[in-house]
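Just so it is clear, A, B, C, D, E and F label the chains in written order, and each chain counts residues from 1 on its own.
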């Protein structure tokens, strides 16, 4: 399914790959040795790497780097599953982004990857009823990465957010596993009433750039939403929709279009889903 | 019209509510006590709270936190009406955003709210013919909040900017009172000639996510622009438009769709405006 | 073609104009004297001005202001042609943006201008096979300016990026000379395969706000892409396209629509290219 | 007694003098306008000036500028007498230092003045049994100003610490009113036993540079300690001591040698105290 | 020998005491919780506590906090004995300083303690022939703590530097174990020739405030140097010297005057050393 | 006179030696490459090196790094002779300090060297009647380096300040050429009257650690002041004084004791000055 090195199946393996990449890179680019040492080489686990790296990005006048670092470290300690989510997301990104050549790149450079990992912390805080702190984190993510994910939203693993600028995910949105979402996408609400009012995205869905999905609608497994679509109604599984408002235009070539990352919807018109 | 606590009718009351919220929050979340004390509890007016909070967000290598703080404080002192605008905007946000549970949230966390308050300062500077300084502020807002509002634009009060990322408002644009605008919206120009070339938005209008409104067009009172619409012509009052390019698709359910925040336009097809 | 002061034909002249503007401005706005002295008046060349100004904007926990300053200065020294590109871009911006009244404004305030100059540095690093460092720069640009240009993309001179928030330019994209691009535009790929997979934009093209151009398609010389269009196929020279998906709707009024900056496409229906 | 402008008798008057000095200075030295505005002109009381100015000097990785500012402001509010002490110290410094030409100089520049005002805060914290916080402040003062005053020490008002580098004042030391102390002076203990073990300095005493006063000894009113003296025994009132160990060498020319600041002790041999 | 809690005999025990002290303190002084968490509670060893704390104090434009942290951590890893030295010094300080009530105080607040631990790092670098880096550290220590210890000097363990401001220790100086040194002391050279030219201090010596010891002289075991003395010749064991130049004035009351910390030398005249 | 590499006779040569040292050092200690590049290798003159290096050390909340850098660069431009003084001081330090092995060390690490170069700037400002700014610089020097030199003092070239902590030089003091001064020294005043009241130090004088020189006294050419001396009267040329108060104890072995750096005064008793 991927012509790259098979994705690591454990966080531990991933960590040792990152250290190797960092050491190799330090040799060829001495300018970066000190930051790679600090963020990767001198760390003792992938969780520590994440905590250090995210806290440097999100530090602000509201919460200092040290306060964030401690908050993240303790959250990871008590919630090891979100570190595994982070591993799955990193592997998904490596698999699906043809411009990505090392695990270090998304980890250190992709604001989509960083935003979703920070959201995972905020989501834990939200579940612990530390609502205000969770919203503060949401605010920092929105200001630093231009990605606005409500901490109450529920998001699976193996998520790839490409480019990410402008992504909005509302309070009652739900995203399954192995979903790929381009930049400028909205999973938005319709109306000022509280209650379940945001989209539900099933496993394997691919959502093209600048697509606007609005309301408590259901996007079926393996569906594909074309770039620039405005989706206001349910989308059945393995169907491609496009247009303003969006209508069915065909079926994705692949059972899981999120792995393929093909934003073009014109060629889907007569296709059938591959196994 | 709102099932939340009635909006405060004065800046002074709002300030005392903020202090109470901050004190309550400090108790439940000690991590935030020091920043809440500094930004809210130890201040003496809502104007001071705004000046402190905005200057921390916008500080940069061009203008330091202290320089901004002084600039904002003195601008508020001589232009008390923009502090009242800020009060109205905060109440509007609290009223219309179902995910918002306290006044502190938009004040401290919503970049739409913060961007528009900083624009209000820049607008005063522009009117005082301090053009370059006003543009510097515009630039800081654009870089920190990804919101680009020209300081010469004219904007009323009771404005709610939801999510806000990517909003663009041009030099000769005009926005009335009680307007709600989602993220990714453009009030843009058409052409490289100077002169009146941007949209005019009337009271009570609701503009959905990623709508592009271009040229010196007039959007009538209580109109609604669907998400993803590209609007190139005038829109009459109490009409819903959608599509690329946008056409009339119905009428909003409500006389002031900005209060309702319903981005869905399919159900508007046969509806009549409620009084 | 432009009713403003004729664009300077050399980097040296531009530099002396900038110094004059800075001195005039320091007089009328003493608050800015110190930053203008530092960034403009005390510098000895336009290259130095660029290096100082960009490094202040892009400084982060990954690369310090000083590290960036040195990197930029040495890159400019060995690649003087990208300083000339920067001159051409600054003149293009001044010419085409009616809201822009001095050369200092785009230089210091426009994140589109700043992003493309930083990209030019990253592109040199990429050609020198310093891939990771180039990607780090791309990441800084994306986080600070919300503009995501892959360092391998090839971009001509005389480029004007208006507002810029959310622009995405992929790895194998190519942009000619004298092109104007609005905010929210994507030059994106289609699929997870490596290889030539992004749009090619010819000279003089104008791309409206939030247009999505996807795949290895060719946009002909002097073509115009309407705001909000989703373009999935080739566009012939001197043709206007619009809609989702985009279709031909007419011809631009002008041979080089990028100079005119008219995003409206409805009036192009029956027009013929001038000149 | 002083050929300078009569010292202000109230904190309020002093504050208005400081504002006037700052405004005059801003005119002649525009480089300093912004810092003078921030620290003096835009403040509303002398207490606020002190809190702002000291917190900027003492900010560190242990306590941030904001944390210190809030701590100082609230301490001044509840202990107005230490603001009056600060007024008296400023007037004393102005009176006795011939190189000092404005009240702004000691306020902003003299680390002796700043150290003693910070000590006054620490002393209040100590009396409130916030021992650790008081010691943290002592540590910050020692690291920033090279002045080490234990927060439990008791110090009167009208104190002038000239140059100040290296001053050490121990836990059970006591200093009266109108005392002048040069740099390098120690009021130190003798032994590792807790208990009353440091010098007691009466009103009007002058202690020359690098004098070492050790143990629970009593220095009488109007006494003078020569530069470089090592004092291990009581000194009677109106007596000059000098040498290692110190012996009586004469009597000060003046009843209050602290006002005269004459470190020379050779001419005191036969003199009698003036009234 | 000490009426305080018996000194911990292992670094591990010390670390757990520090954590307990930090937790207790966080409760009574919430303002400090975040810094205590970061520096103590969330660390995993005393070495890590030292590295974090020292790097925050010494960070500068020459070496960043992160660079120092990494340098210190790796030095401690490869030289565990200097961590044990740090334990011994902390216990010595606790034992001999009557004003010191917890292990946290010297660790976080005493610049003498911090300076000597930073010197221990520099000394390892010097022995590894990283001379310039060692001198850079010496320079940082001198600027931040006003303590100037040459990295080539050799210093034992159980050292207590009280107040510390102005201490100077030259390149070929040697200090034994269990020595106590007050502020303002110089172990200096005589002349511009390279070679062995600084004092050698034996075990158990106590050197009073501002004493100047110059040249390749030997201070015998258990000797005491009075405050303000200028010592230019050898001092035999268990002898007290004082004066300018220093002469023998008696014998310390105690075999190890460094434990007693009595700077007074007048009472030593007829005394005999206690066992 | 010196057994080291002959001192460079021009600032230009010195600059090229510094660049060579920096390049060599960058190779052996990659951790320092970035700071050495920034401060030395990428600079174009010794004046620029000084301005960059000093401004980084002295930056504070009163004057930013950039403000200082610009101030220093412009002062050097208009007063090239103080750059030559800085060259002479650097060579003097290299010559007389046996622990100093490269020109980079005093330049980057010795606070005595840095303090005197910053004083030279302040002195120019004082002569230009920018008194307050000069005093602000004096204050920064005192707080960062623990060296307090009044900007009105007059100081020659070829000055070596060893260790430097605690040095105080008063308003009307004068220091000739080729003088060496140890730490803790005071050139202080006697009394609160304005007027000429501080010591005058002739060429070639050596002043030992912690010596206190007080009043308008004259120290003759080639004289030597012993460590810890308190000097209250004139000292003839080529004489050694010591003690409290200081008396003549002999003659320096060398015509210019400042070159020899011998603080010991006991061996001077019967010696004659060498030619």
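Quick notes on this one:
Just so it is clear, a contact is a pair of C-beta atoms (placed from the backbone, for glycine too) under 8 Å apart; a residue touches a chain by one contact, two chains touch by 3 or more.
Please read these numbers as outputs of a predicted model, since none were measured by experiment.
When the partners of subunit A are compared with those of subunit D, the chains appearing in both lists are B, C, E, F.
Annotation of subunit B and subunit E: jointly contacted by A, D, touch as defined at the top.
The pair from B-E, B-D or A-B that reproduces the interface of E-F, where over half of the contact pairs by residue number are the same, turns out to be A-B.
Centre-to-centre, using mean CA coordinates, subunit D is 28 Å away from subunit F.
Subunit F has its Cα centroid 51 Å from the Cα centroid of subunit C. Inter-chain spacing, taken between the CA centroids of subunit C and subunit D, is 59 Å.
Of all residues in subunit C, those that touch two or more other chains are 31, 34-35, 64, 67, 146, 165-166, 184, 210, 228-229, 244. Touching chain pairs in this entry, ordered by label, are A-B, A-C, A-E, A-F, B-C, B-D, B-E, C-D, C-F, D-E, D-F, E-F. On the side of subunit B, the complex with subunit C involves touching residues 61-63, 67, 71, 130-133, 135-136, 138-139, 142-143, 146, 148, 150, 152, 165-166, 168, 170-171, 184, 186, 188-195, 197, 210, 212, 214-215, 228-230, 232-233, 244-245.
Interface residues of subunit D facing subunit C in the complex, by the touch rule stated above, are 30-31, 33-34.
For subunit C in complex with subunit B, the residues that touch the partner chain are 25, 28-29, 31-32, 35, 56-57, 59, 65, 95-99, 101-102, 104-105, 108-111, 144-146, 163, 165-166, 182-184, 208-210, 226-229, 242-244, 259-266. Residues 34-35, 37-38, 42, 64, 66-67, 69-70, 73-74 of subunit F touch subunit C in their complex.
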